[in-house]
Amino acid sequence: MPLTLQQTRAWLERSAQVLSENQQHLTDLDAAIGDADHGSNMDRGFCKILAALAAGAPADIGALLKLAAMTLIGSVGGAAGPLYGTLFLRMAAEAADKAELADAEVVGMFRSGLLGLQDRGNAGPGAKTMVDAWLPAVDALQAGVAAGQELASAAHGMRLAAEAGMRATIPMQATKGRASYLGERSIGHQDPGATSTFLILRALDEVLRSP
Amino acid sequence: MKKLINQVEDFVRESLEGMAAAHPELVRVHLDPNYVVRADAPVVGKVALVSGGGSGHEPMHAGFVGRGMLDAACPGEVFTSPTPDQLLEATRAVHGGAGVLNIVKNYSGDVMNFEMAAELAAAEGISVANILIDDDVAVRDSLYTQGRRGVGTTVLAEKICGAAAERGYDLDRLAALCRKTNAAGRSMGMALTSCTVPARGSPTFDLGADEMEIGIGIHGEPGRQRLPLPAADAVSEMLATAILQDPAYSRVAREWDRSASAWQDIELVDEPLKAGDTVLAFVNSMGGTPLAELYVVYRKLAEVCRKHRVEIVRSWVGPYITSLEMQGVSITLLRLDDELTGLWDDPVLTPALRWGA
Amino acid sequence: MKKLINQVEDFVRESLEGMAAAHPELVRVHLDPNYVVRADAPVVGKVALVSGGGSGHEPMHAGFVGRGMLDAACPGEVFTSPTPDQLLEATRAVHGGAGVLNIVKNYSGDVMNFEMAAELAAAEGISVANILIDDDVAVRDSLYTQGRRGVGTTVLAEKICGAAAERGYDLDRLAALCRKTNAAGRSMGMALTSCTVPARGSPTFDLGADEMEIGIGIHGEPGRQRLPLPAADAVSEMLATAILQDPAYSRVAREWDRSASAWQDIELVDEPLKAGDTVLAFVNSMGGTPLAELYVVYRKLAEVCRKHRVEIVRSWVGPYITSLEMQGVSITLLRLDDELTGLWDDPVLTPALRWGA
Amino acid sequence: MPLTLQQTRAWLERSAQVLSENQQHLTDLDAAIGDADHGSNMDRGFCKILAALAAGAPADIGALLKLAAMTLIGSVGGAAGPLYGTLFLRMAAEAADKAELADAEVVGMFRSGLLGLQDRGNAGPGAKTMVDAWLPAVDALQAGVAAGQELASAAHGMRLAAEAGMRATIPMQATKGRASYLGERSIGHQDPGATSTFLILRALDEVLRSP
């Protein structure tokens, strides 16, 4: 079963919903090791995506993701705006003009998004950033698809890997982003960007598993 | 949360509208996207200076828009850097044909958004230079962190480069001047209280009645260390000594190479302050600390500088780069030479800083 | 109590020492008794302007000493008026042979100490005039109170009269100008938080999380009323309306009659603001309220003035007359004519206010 | 028994002591309806008097009280400085060159001081100021002496009247001084200046009653 335009759209909508529900939680995480705005940043960006979709939905996955990317870039600001924006922009490029994506294409799309994220932010694994959720998640997706899993179950594995990656940020000392200024004091706190990543990938899992 | 605001989501916009109403002869405010430009922008033939960052640091940056300082400021949401398209629109609004200098504080968000904006502007044929300000000595290394934050030196660079642009420096010379100013400036700050980001509604951190956060940035983040709050003299000495004894600072910075239309890594080294240097001393309130306390801090700073045989020849005391209503103070020392001193003394005419005009 | 101070009893002195260290080219600070004079005092042939009051209102008054504004400021202890001998010494230090104008805020303590000082100065043959500033519309009558307090208009009168003295106004003309400025100015303030007098160590009053004090003075006193804190627009409108709708205010003021060498009661009436007036709008932080919030208040003030057909032609926004670290805001409207506008625009060169120089 | 130079000095010293002990109390009263400085103002002034006395004590009551007056005027500031300063200055004038004062002279001295206080501050009774303690106190002193009481017991009556006057300020609405700005909110609080007055007159009572 390929990934459809409609599913991709449902994913963005579900993400908007869970980010809104978790706004305070994300901001509280950011208050501990950052500047207390990650929740409102993500909520603002995804609300704008909903508004843009309401104004007129694109006809292919590439255009849809490009709309999401440009909206995030144009409304989030902070570190999250360029990072998520670049991630979605690279994904959009892979999905250009496609109404649906085969499983392997989905893997390639996420891999490309992750590379874009890393190009922009220059963070490797272990720096206590959203990369620590995205990287194992994309690896898990790829492994699942390579092992012949349905996309939905590979995406479930992706979600679990994102969750584990998110939790793994807790003991890390940050070396990138605002939390890095705290030095050892960043240890013991979960990274807000890794948390929003998990929420977004959980949304994908939920959308793909719903009938 | 006790603040003089209306709806949280209207705060930045309404504050800008108030600014527009208060200073129509100095600035024009554009909303959605939000940016502030000097009333006579674009100034043809002059390099335009653009800065920006999260809101909540007022008067920085919008209060420093005007003749002799910034051409445009882009305020983001509270503590959130502005977006690339916002920066691009501001850039277009002030570009006078001689290129644009972006003064960028070194935070991952600011850096990335300004980089994307610079790429977009360059694609439109506008000559841009992005110069990073990274002067916060509370951040020791750049290997295990995002590198030093841009704090107090930012405003000094805006003043000095703004004056130089009025004098007719071209973009290359201005970029070099900005780099030199950044290399000459060092800062460190501390907080007595946290601050409350309106969208969150409660203080970013809690501090005990006898505690301070030392080595803070300007976003209400917790600092490097939490310590018992000593007398003001000890605070002042702690900050001053960290600055005066800070060794050479090297790191790799990414700058836009206009000829190659690509980012290029360059190695930068800031030489330490040393006996015999002359400096500008800047004692800054984080927002809620009143002037009388700043002068108590200044008094000790002057004494510590004397002891280190560093001569203060210019001073600046007040709330200029703040974190909302946070109580606390930061100190910046900027090594001066004749060029920088002269440019500092040049006329400036902005809502928050004005002399000789 | 969290403040950047050392010993409580050294606070005022050390703050003055810091000020002296920071601005040697602008002011000289004398300790014990404490007063601040402009660096080139006495200015021969110019009427000297002296003001003073408790400390804790910084930058008022010492921050406004310099060319085009005050010749001397006498800071008392925190919220405590200076003493007659302190005022007398300052008067002697700045008297340039053309007499001395004392600008006195109408508080019983300030009034009495300045009256005693004026008597002493007159006895030494110095021509003095004491003009009271009483502009706080939160105080309604003068029959059942000490009369209106001197608040925001004080600083405007210092600026305007300072400029006139530079222009060569003689003492009589300057006293009349100061009286006229006072008659043209009206203010009202409110607090979101109390402040902590260092010698007491705890806040002067407690306010609930959703309460404000409205009609406060500048000494951290409770105000006229405690009300639920509304949105900033409502606060701004409340203050602005109280000022704009304030009726004529009459009272008897005591001024020094130089020919009779005695105090004389004179009846004064301040005419209300009316449609068609042009004004200077001054939005002031009580110390702890950041600039961005002041602009939110200014925004609504501009709207309310428009509605009343009162035209704002000059604006001033910032922390200029404060109550330590108190969060809150005050609004002052000053009716302008050509004389006042021109004098406001004249150059000024002081630690806290500077333009055209 | 007349009032001696030594007793007058002991009175000033005892006043300094009780004002110092009650500094926080006076400041707290001032916080409620004023600006939270009356305690430190009075303590500062009377400490300076002690210092001045230590540097060299005058040889007559007039000179002693003048020293006290000038010290208060020169160090207290606020409303209390000129008011207490003028009060002591007028008392000093009445006691000029006297090494001791007969009972009737003591009455005249306090009466004159009170008039000075009222000249300076222009407050009548009922305005919720120190006048509300001084006025009944001086009346009581005068009545006691007129009734042939010993100075010590007349001074005790003076103290009691000052105390009653101080308490009587509680229900008053202030019309003079800083408390007047509070309007009706000044009701229910004891006036700080009336309280320092009581403390000073209690000190006199104690000094005159001690052997």
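Read from first to last, the chains carry the letters A, B, C and D; within each, the first residue is number 1.
The rule we apply is simple: a contact is a pair of C-beta atoms (placed from the backbone, for glycine too) under 8 Å apart; a residue touches a chain by one contact, two chains touch by 3 or more.
Just so it is clear, the structure is predicted and the values come from calculations on it, not from any experiment.
Visitor: Quickly list, by label, the chains bordering both chain B and chain C.
Guide: Touching chain B as well as chain C, we find no chain at all.
Visitor: Counting only Cα atoms for the centres, state how far chain A is from chain C in Å.
Guide: For chain A versus chain C, the centre distance works out to 56 Å.
Visitor: Cα centroid separation between chain A and chain B, in whole Å?
Guide: 31
Visitor: Out of chain A, which residues touch more than one other chain, so two or more?
Guide: None at all.
Visitor: Mark out which residues of chain B touch at least two other chains, giving numbers and ranges.
Guide: Chain B, residues with two or more chain partners: not present.
Visitor: Once you've mapped the touching chain pairs, tell me: line, ring, star, complete or other?
Guide: Chain contacts: open path, no cycle.
Visitor: Please list each pair of chains that are touching.
Guide: Here the touching chain pairs work out to A-B, B-C, C-D.
Visitor: Would you tell me which residues of chain C are touching chain D in their complex?
Guide: Touching chain D: residues 33, 54, 76-86, 107-109, 112-113, 115-116, 138-139, 144-146, 149, 197, 199-200, 204-205, 215, 217, 219-222, 224-225 of chain C.
Visitor: Show me the residue ranges of chain A that touch chain B in the complex, using the header's touch definition.
Guide: Touching chain B: residues 24, 27-28, 31-37, 39-41, 44, 73-83, 120-121, 173, 175-178, 180-183, 185 of chain A.
Visitor: Which of the residues in chain B come into contact with chain C in the complex?
Guide: Where chain B meets chain C, its residues are 2-7, 11-12, 14-19, 21-23, 55-56, 58-59, 63, 192-193, 209, 229, 231-233, 235, 281, 283, 287-300, 302, 312, 315, 317-319, 322, 324-325, 327, 329, 351-352, 354-357.
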